[in-house]
């Protein structure tokens, strides 16, 4: 066995996995606060990336300004989506909610492509493409930066959940009625979680855009991030990070050895099979609350 | 009647509540809670006690219920249409039936979650201290995950959490549910202290009518969604009907039932 | 008015359980059927092949999905994959010389086998988790179809289906192919209509409402979920094969992608869960909507001389399609079938509105 190859696959997988985790965190945030599985998450990442491009290409803002501007825009978009699409479905059967997020996914993708066209664009972060050797292992600078940012986002969220506003958000995800009874604005809390998710999607969109270009394929991140979220336990943030790394490594190593045999494309298969096995064997994931299975 | 101030803090007039647009749970309840008083709301299972409390706190929406008739006045203001959040801001708070604590949060975080956002850090600390002086047991377990507290401790936490909203009127829905008689006594004495020391008016719903009537000044008896009796606590305790049917008196006798039914019809 | 009844009154159980509880509806259905049979002489060939025929096939497919989602209450996001299995099975069978009528049945059974694998998931989890598993299974099946060249047909990944023939007769004219689609659609519709009043249908509804409660009153939810998935998969498989045989004529993997699964689900939900007439309406709406929107924007650009890019024009129908799904959910979560039902119960009692049940 070639240990260098294995380590390289694993290390790169872990780093990519953290990038998946960043998207998964958004899913977890929304699911935690409102039990809505957001199947429009991939589209949200794509919209975030295009929003950055809109601010930098159309308005000519430098990147360091375009990204925060896009984050502000996405914050508003998140609130708008919650208020106008999801809030009115509260209490409806899960199939309606799923269909709503699917419709949202189609709508967001359609409207973004109508505005920007279908051809892929570059997201230039000014990070050099030169390979980076860590020991004998070859790694990508963009990926590494993205992974570091993912960990920072996670740390920021952990800190946020210690603040009073964060505690209220956790209270909401714990018990709606009790939250209402002590005057916590549940609707505002859920809207805030959508807004935060949209902001994090923007950051994820920036890095995924830098990695693979900005186009419709960004929305395909849905299946991977969903798998990460479910594997970690849909309502667990640390779970998303751990599961992200796990899935990244698994995907990279398995496809690294399998691809030459089956002629490529086994990454998607690994992800889909992981999702199926997780749901069938341990629906509440690695760290999730067992009771979520009931939903 | 007592000689309480002319205008009670809370007054319900002919309140009617309908769940799911069809099932009538409360029909024409009227009651008053004078400022600074302890009032009990008694009744059998399903009589409509919790529903009445929900109509006051605004939590009916969460249960797909609606106030379809009547007025709910609080401090002179009509609050029928206010959101639960706004009612909490006005000082109305309800402690839910069956200990709804935020199970994944610690004791301390449960209390912090209930703090109004505009409260400063220092104010919050003093509010926390005050809550812990009422419930010293909670202070010992302030960093424990509240889902793992005992039933009695969770009930205390739910009351303490309600206090954090700085209420003027506290509504308690069966605080003795599932607690030992000793713990019930302890909680009731704390409720009395809260009422005396903080001047908070209390509306208490209880199955445990004996204990409740020892605590309060007045009581209302509600049955099938209607108020069938309203009197001072002493009078209610001595009322033969109450003794018979709610406090468990001597053997039931049919003449008494008839008597009671007649009386009830007359009252409603 | 049309119904010439004031309220529905039945004086016997037989009457209450009859297929059509109002004579008018039976007559209307017969009239529609007659119109459908005469359609090749009534409407133009283009409309017939490009609108009516796909509508009928997709409706049969959507009815099959409605059986699982609307009747049995099991979420299914991998329906297109099951259809795809049928399409490939049928095409391969026909290509290897099996007569079409047998190939189509084989397609149904192939889908039934694969579809029953989905039901294994349904037996273990429900709700969201079932939706996720079926979605993942869709990916696995898609992947297998694309990557197994034996299935997909090698490098070009497209297979030509042989010409249709039934019982030894060549079927190649537009009208002939249309009748095949119509026959299948009528068959599925009759099955679904009778399902509602059969023991199986009632058991499925009991499972949908609360599976463990159904279990308590003696409904084996395990068996009925399995039956629901099997029956729906059979319908999916045959529909897939019919789609290829009479409409696409060529089978490629992307005809049965995740997007198609979502599209069929949208037909069911826009139409109304558990509603047969709703499924017809929902399918029609989802099918004609993109063309309609495209035509609308195209017309607008010509009319007002707007400078809308080609790409924008190409993607706007998609946005409108998404918006349509969202709008339907917000506006009438019970779907078009519900609207029809409301209108019907209004008209039945008309003009004596107070007689309404």
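Each chain gets a letter, A, B and C, in the order it is written, and its residues are counted from 1.
Here is the rule we use: a residue touches a chain if its C-beta (ideal position, glycine included) is under 8 Å from a C-beta of that chain, and two chains touch if they have at least 3 such contacts.
Given the structure is predicted, the values throughout are model-derived calculations rather than measurements.
In terms of the distance between Cα centroids, subunit A is separated most widely from B. Closest chain to the protein centre (all Cα atoms averaged), using per-chain Cα means: A.
In whole angstrom, the spacing between the mean C-alpha positions of subunit B and subunit C is 53. Subunit A and subunit C, compared by their mean Cα positions, are separated by 33 Å. Taking each chain's centre as the mean of its C-alpha atoms, subunit A lies 44 Å from subunit B. By the touch criterion stated above, subunit C contacts subunit A in their complex at residues 69, 75, 77, 121, 124-125, 127-129, 131-133, 135-137, 139-140, 143, 146-147, 262, 265-266, 269, 273, 309, 311-312, 314-326, 329-330, 333. Residues of subunit A touching subunit C in their complex: 37, 85, 88-89, 92, 94-96, 98-100, 102-111, 113-115, 117-118, 223, 226-227, 230, 262-263, 265, 268-269, 271-273, 275-276, 279-280, 283, 293, 295.
Per the touch definition, subunit A reaches subunit B in the complex via residues 91, 164-165, 167-168, 170-171, 174-185, 289. Subunit B makes touch with subunit A in their complex at residues 57-59, 62, 64, 84-85, 87-89, 93-96, 100-105, 109-110, 112-117, 124, 161-162, 164-165.
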